[in-house]
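Some structures to go through are shown next.
Each of the two complexes below includes chain A, the first together with chain B, the second together with chain C.
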Partner chain A sequence: MERDTKAASIENRTFGMMSRRQLAGLSVMLPALAAALANGSVAAGIGNRTAISRAAMAQDVPQGGELTVAYNNPVGDTLNQHRSSSTSSRMISRHVLENLTWVDPANGSVNPWLAESWEISEDGLEYVFHLKQGVMFHDGTPFNAEAVKANFDNTMDPEARPGFTYGAMGASAYAGTEVVDEFTVKVTFISPHAAFLLFLSDGGTGIDSPTAMAEAGEDYGRTTLVGSGPFKFVEWIQGSHVTLERNPDYTGGPAAFGFTGPTPLDRLIYRDVPEANIRLQSVLADEAQLASIIPPNVPEVQGQDNVRVIATPKAGTTRMYLFNMNSPKLSDMAVRKAINMVVDKEAMLMLPGWAGFGRPGIACLPSNMVPNGDLSSVEQYDIPYDLEGARALLDEAGWVLNGDIREKDGVQLIFDMSVMQSDVDAGVIEPIDGFLREAGMQLNIKAGDINYWIDSFSNGDYEMTLMSDSGYVAVGMVQEFFRSGEPFATTGLANAEIDDLIDKAIGAPTIEEQWEYLMPCIGLIMQEVVGVMGWESDNLDVASNKLQQLAYNEIGFPWFYGAYLEQ
Partner chain B sequence: MVGSASVQLADQADSVSKKAISKHQTQMGIIWRQLRRNRAAMIGATILLIEILLAVAAPVIVPFDPYQQNPRAALQAPSVEHWFGTDDTGRDLFSRVIYGARISLRVGLISVMIGGCIGITLGILAGYRGGFVDNLIMRTMDLLLAFPGILLALAIIAVLGPGLFNVMIAVGVASIPVYTRVARGSTLALKDREFVLSARSIGAGDARIAMRHILPNVLPPLIVLATLGIAGAILTAAGLSFIGLGAVPPTPEWGAILTLGRKYIYQAWWYTTFPGLAIMITVLGINMLGDALQDALDPRLRR
Partner chain C sequence: MRYALTRLVLAVPIMFGVSLFTFLMLHFVPGDPVAAMFIGQGAAVSEEQMDKVRDELGLNDPLPVQYLNFLKNAVRGDLGNSIRTNEPVSEMIMRNLPATMQLTLASMAFALVLGISLGMLAAIKRGTVFDTAAMFIALLGVSMPSFWLGLLLISVFSIQLGWFPIIGGSGWRGLILPAFALGFAASAIIARMVRASLLDVLRDNYIVTARAKGLTERRVIFRHALRNAAIPVLTIVGLQFGGLLAGAVIIESVFTRQGLGRMLVTALQSRDFPVAQGGVLFVAIVYVFVNLIVDLFYGVIDPRISVD
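Up next, the complex of A and B:
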């Protein structure tokens, strides 16, 4: 299980993919990026950090072929990004829609795409975008300022159900969008939204054809999806697959990406395959050319010469075993601390459920998401493994052993752990139960599908859960789970000082200033012991060696523009 | 006076019925002799007996706590220390499989008890009362029989939620129609027999007749059904656990161990092999005994 033994078959991200160091680089770039934003200009090679070299993309590559991707997270709700909350939906839509900006995952720089340039007011409240001309949506509708306004208005429609993009657009900070002329649009905010340009690169903020949106109405994102990107939408059969096909007329592509014109692949099929072994086998049998896998699958791939494993540090939160502090048991700080003390993270990461991938979690954000990968200012609040200490702490707090389980006033230390079945299957839940048993505690594992898990979490119907989110805007993820009043902030944490720091970070005009508030805020969250900060995880994919020139976007999802299949 | 005469008459009827039961007891002797001569029955009974002994003595027999993890000993192949190897958290699989016998046998027995008690009661009621009650019960059973058993169990789990106890209820409820049908058929054949008519003529109530005269006489075929039902219930419960709807981890239920082991099937064959064998041997043993019981109870097959 030594990491070194895998080196031969596990690919470090090269072009367009993030190694752990590179991803750390992305967050390192953020303060510098913020400075550039404040100056009204953003370009590659920000700051004093050496730009990460990019391999040249070959333009003259084999054309055609059908690429099948086996993935484990079905779209679920809709491909309409104005309403969707699904990460998979954003990942897929990114191929059909184009964005105003493009974040280069290699160095964190924000680059022009549908917006050729932009200016930002000194107070960070106004963004003026100069749009690319001559772009047509797949249905023939011309791309212009009206189209951008129609998209942003649709996202922020107060009557409609908000999706991921509502938050990406600044939520209540957003004031409105105004057409300045045919190819100039102005977006204004009530308070600064420092991460706006980063969010504009996300699949969720891709620009749809306003004509198609109006014509399809409620069916938009289910029966049709029309953008201006390198792939056209063909069909979405819910629970089965999404099919996209090549847009032969495509001339775009972010200049900084290094590939232009039509994409080589004829068709791209995302197939929902919930079982990890089947996903892996489908790649080994060449029924799919890329699949997401789990660490237990890795040993089987080793020694296979037709496939490779691609490990990408996950952009997002740490994988946290969060507590619901509204539970009487978990309202006791001694219990929360003791749970942390019994979880031996180093030993846990060597279990087959992790197979040596990932790093012990310290804070709610992993080291690859904070500037310079530096969590030293909050490490003092990390609770180290100390089984004897945990037993003593529980004894002291009056939780005494009665048989195998500790109890106090008739209440036993058995915690309802509400999780997704896929996490149980992946083997990352049971070990926690094993650690707890060492100190007279237990889990009552309640597993279900993604809807069960989301419902139980958003309704606060859990005592413990395994939680994480994907993203690259740190303040948004901290706000999401720990700012009291937020829909997903159900841990029972109510700390005015934390709320104040999050609010100040959100209102900061630059990302550099955001971190001045965010890091102390993370420290305070750790002192509240809101959960076990489990591990900093890696996304694992297995790819056929036929699949070449595979890129990954800024949140670690594969992006198939420019990818090709060797004949 | 009338009351005491009626009780005396009822007691006489009981003795008539007891004679019928005693005849059955003689029959039980014949059946036992039949079973002893049947090698498959003896093998099945031995398997079941060993399994029951293992289940009862599990805390004494097993070398390790079935819940005790040992991260440094994960996925170890079978050895002198770990006879069945270890799982992905380093737990001893032999201990877990032995403890699994307790769970599987309990699931089988309780499911059958749930299905049998409700099904037999409804069957006797339908057969004995006839008319509207019969129609109502049997049409409801027809409705339940229209669903494959596993589908019905899945629907019940969907309502009740996953968990071992809910699996027992689901599997038990799904088996009710089978017991009802057999019990009703036997009741229809018995309800006009002399000992029932005489009991009725001397004033025995319906409940007394059902409990003391009909029930003992409809039991033999139902015992066969229940025996085979235990095997079916163990399989169904393991299947439900395998798809994540039954026992939840870390419960050492065989189906649940199988589902956790399937992702390691290429690197740790022992993880799925031993719980799989445990299910197979148990179901085989129970089925062998059940088949032999069926033969022994069928007069046409007696030699």
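Up next, the complex of A and C:
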């Protein structure tokens, strides 16, 4: 009951937190798209309204103004998307660059943008794109097939350092790009890359001016960034801010977005603000109009009538308390099951670390990542909360209480939990220790900075950890953590059937076919009880009520094309 | 001149030690910059792909080879390129230096004005309530961590009163709170040193003589006593300058200011070895250089001191 009350008070100032049922009700055309459902939900408030209002928006809404967005480390490395590995950097670049496709967050459909149409060969190995004509980059370079080829060649340059986009282009599955004529380009793969069209909508695969890339060389993405999008790059001062300005000549915009033409805002500034509370305060003081926050910040927003909290289901994996099954204690299935049985996820989500946001986790991928939000085929493998059952299970397995802690053959059920200090500070680690203690188990929390945590995880130097990833290509994330032999698959899971299903999903020519292998694979992973599937998390933003027509893109990041500031 | 040259030559082993220590610290604490780069991309990454990047960055070379390469290039003025942004480290330093120097100099100016005023007041009014109050303020200054003071100042003056910007900002309004937070501890140390030094000097015979000649107390203090009390104070100022540079690492993060401090913190978080090594080495060079200048300045203040 308390949760409902709290959520409602937030929901009144949000575009809407969606229940699992509501999420499931929003079907998507491309099920592996992470935030398609997510943003279908969040954008529900905007989406329905904007569909009607956007046609008239360019003329009707207030023009001008400077929008400041406060993020932590908005450019993790570089704005050169051929080399970047930073998600937020891609989201900034997407305002400057345009893509070949546009994924509509409201329904997950792939729509034309710089590519007006395309054909895909039956085996999924060839994509032919027919490009839009008359598009110019901000530096006056014309957009054409040569520009697309120059971009893809740059990304896949075998001598250059690979970034996110290297994987988005298919990595070793990519064969090459060929100019068919001035406005037709063909991309060929060695093996199917079913998510290619989705990836082409990502900021990482935005098309840069080949002239600007050649002129700037190694400085590209640092001193300049030239695309054909609604905003022009002004400057990036590392550790301080990125400034973009309105492109007054912009006539593009994906048709499916609802309007074209220049964006209302004069300037868009991303400020680098490491502390979540300072980011929140900057919005309350109107120094910024949008900021990312964390659940413990939420109570401070309640009662403020000039801001609203926006919860966007995160595109990526479920936040998982993973086990290292190479640990003798955790190689015991009874222990792994018992840990699951003591964690009351519904109660957990009421604690300050969650503040009522998120949904109890079921599988390694959240409901917003699977077709139609439907996890019913694997729900049977979810282990429900059952404290008494956990105690009985441990007793039966020979783990008996000695004082407060259970032990067997002199080994106590105390688990090294290697995590980031920021997760401890956020309040999402210690509650697990509290749950475990109820059944005679305990955590030994070992916290450090992100490097300590990555090192512990990569080297398998942990018994439990809190893990998740951001992204929207389901098969990649399942492969990353659960296919044996992968660098970050360190849970000790080695199941040939799971590996085989992942390989088949990777090789499937379409996303629909991928899911035929992926869903049973997820079921098998759940049966192995590789961890506690903690919660399906939300990205939280706090926005000034002055900021209107705020849209969220397909991976849950705000997109400011069309946004305006009320005077 | 010979003294200055000797000091410069002596700075070489110090720089060598700093570079070696930084290098070892960075490489022995946990953290693989390449794993940090690739984990969390929402897709699988192959070990070959990561290894290729490690090779490109020279991280697969044995540690002594990596260190010698760094040293060889550093001697030529090439501190390498950032692992994350690929920008030359020397350019990053030069880009961030003005903001940090602005903050450091503002903090030092604040520390000097407050420190000398409090120290003089305490010495002249020794044993009175002024002395106690001045030394209490000095005690506060040395007791409060600068990051805590910074957060307190933001809370009171930016959030509650709205007098100053919350997320940094350019111009003097964005400089006042960070300069205060950073310089307060230094002002406390300077105040205590000025007080002690001035009390010593005020007991000297030449001060008695000056007073006997009928000079005003103001002239005695400012013309004779303060100048002679300045030498130990100057030493402290030199040392404090290094402290302020180090403190900027924290204060720039608290106040979300651009600068060498933010650059170093970000580099350490992402294990950007070249930036961290180059940045620390640069700060060490500045520190040694400032202290050398302070030493040379002794002669200007007291002509009896000859550095040659």
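Definition applied: the second predicted complex is superposed on the first by the 421 of 567 C-alpha atoms of A that agree within 3 Å, B and C clash if a C-alpha of one lies under 4 Å from a C-alpha of the other, contacts with A are read in each partner's own complex, and residues count from 1 in each chain.
Keep in mind that, in the parts below, contacts are C-beta pairs under 8 Å (C-beta built on N, C-alpha and C of every residue); 3 or more make two chains touch, one makes a residue touch a chain.
None of the values given here were measured: they were computed from a predicted structure.
A.B. asks: Check the residue A:448 against both partner chains and state whether it touches chain B (first), chain C (second), both, or neither.
C.D. replies: A:448: touches chain B and chain C.
A.B. asks: See if chain A has more residues touched by chain B or by chain C, and give me that chain.
C.D. replies: With both complexes superposed on chain A, more residues of chain A are touched by C.
A.B. asks: Let me test your reading of the model: by the given contact rule, A:62 touches which partner, first (chain B), second (chain C), both or neither?
C.D. replies: The answer is neither, since A:62 touches no partner chain.
A.B. asks: For A:472 in the superposed arrangement: first (chain B), second (chain C), both or neither?
C.D. replies: Only chain C; A:472 stays clear of chain B.
A.B. asks: Once the structures are superposed on A, label A:492 by its partner contacts, choosing first (chain B), second (chain C), both or neither.
C.D. replies: So A:492 meets neither chain B nor chain C here.
A.B. asks: Taking the superposition on A as described, I'd like to know which of chain B and chain C A:167 touches: first, second, both or neither.
C.D. replies: So A:167 only meets chain C here.
A.B. asks: Output check: A:460 vs chain B and chain C. Expected answer is one of first, second, both, neither. What do you get?
C.D. replies: In the superposition, A:460 contacts neither chain B nor chain C.
A.B. asks: So which bits of chain A does chain B touch that chain C touches too?
C.D. replies: 448
A.B. asks: Taking the touch rule as given, give the residues of chain B at its contact with chain A in the complex, in rising order.
C.D. replies: Its residues touching chain A are 67-69, 71-72, 74-75, 88-91, 162, 244, 248-250, 259-260, 262-267.
A.B. asks: Flag every residue of chain A that touches chain C in the complex, lowest number first.
C.D. replies: The touching residues are 70, 73, 76-78, 83, 85, 87, 161-162, 164, 166-168, 171-172, 218-219, 222, 237-240, 271-275, 278-279, 281-282, 284-285, 287-288, 315-316, 448-452, 454-458, 469-473, 476-477, 479-480, 483, 486-488.
A.B. asks: Quick one: in the complex, what on chain A touches chain B?
C.D. replies: Against chain B, the touching part of chain A is residues 276-277, 294, 296-297, 299-300, 344, 347-348, 350-353, 421, 424-427, 429-431, 433-435, 437, 444-448.
A.B. asks: In their complex, what parts of chain C are in touch with chain A?
C.D. replies: Within the complex, chain C touches chain A at residues 29-32, 35-47, 49-50, 52-53, 56, 84-87, 92, 95-96, 154, 158-159, 162, 165-168, 252-254, 256-259, 262-263, 266, 269-271.
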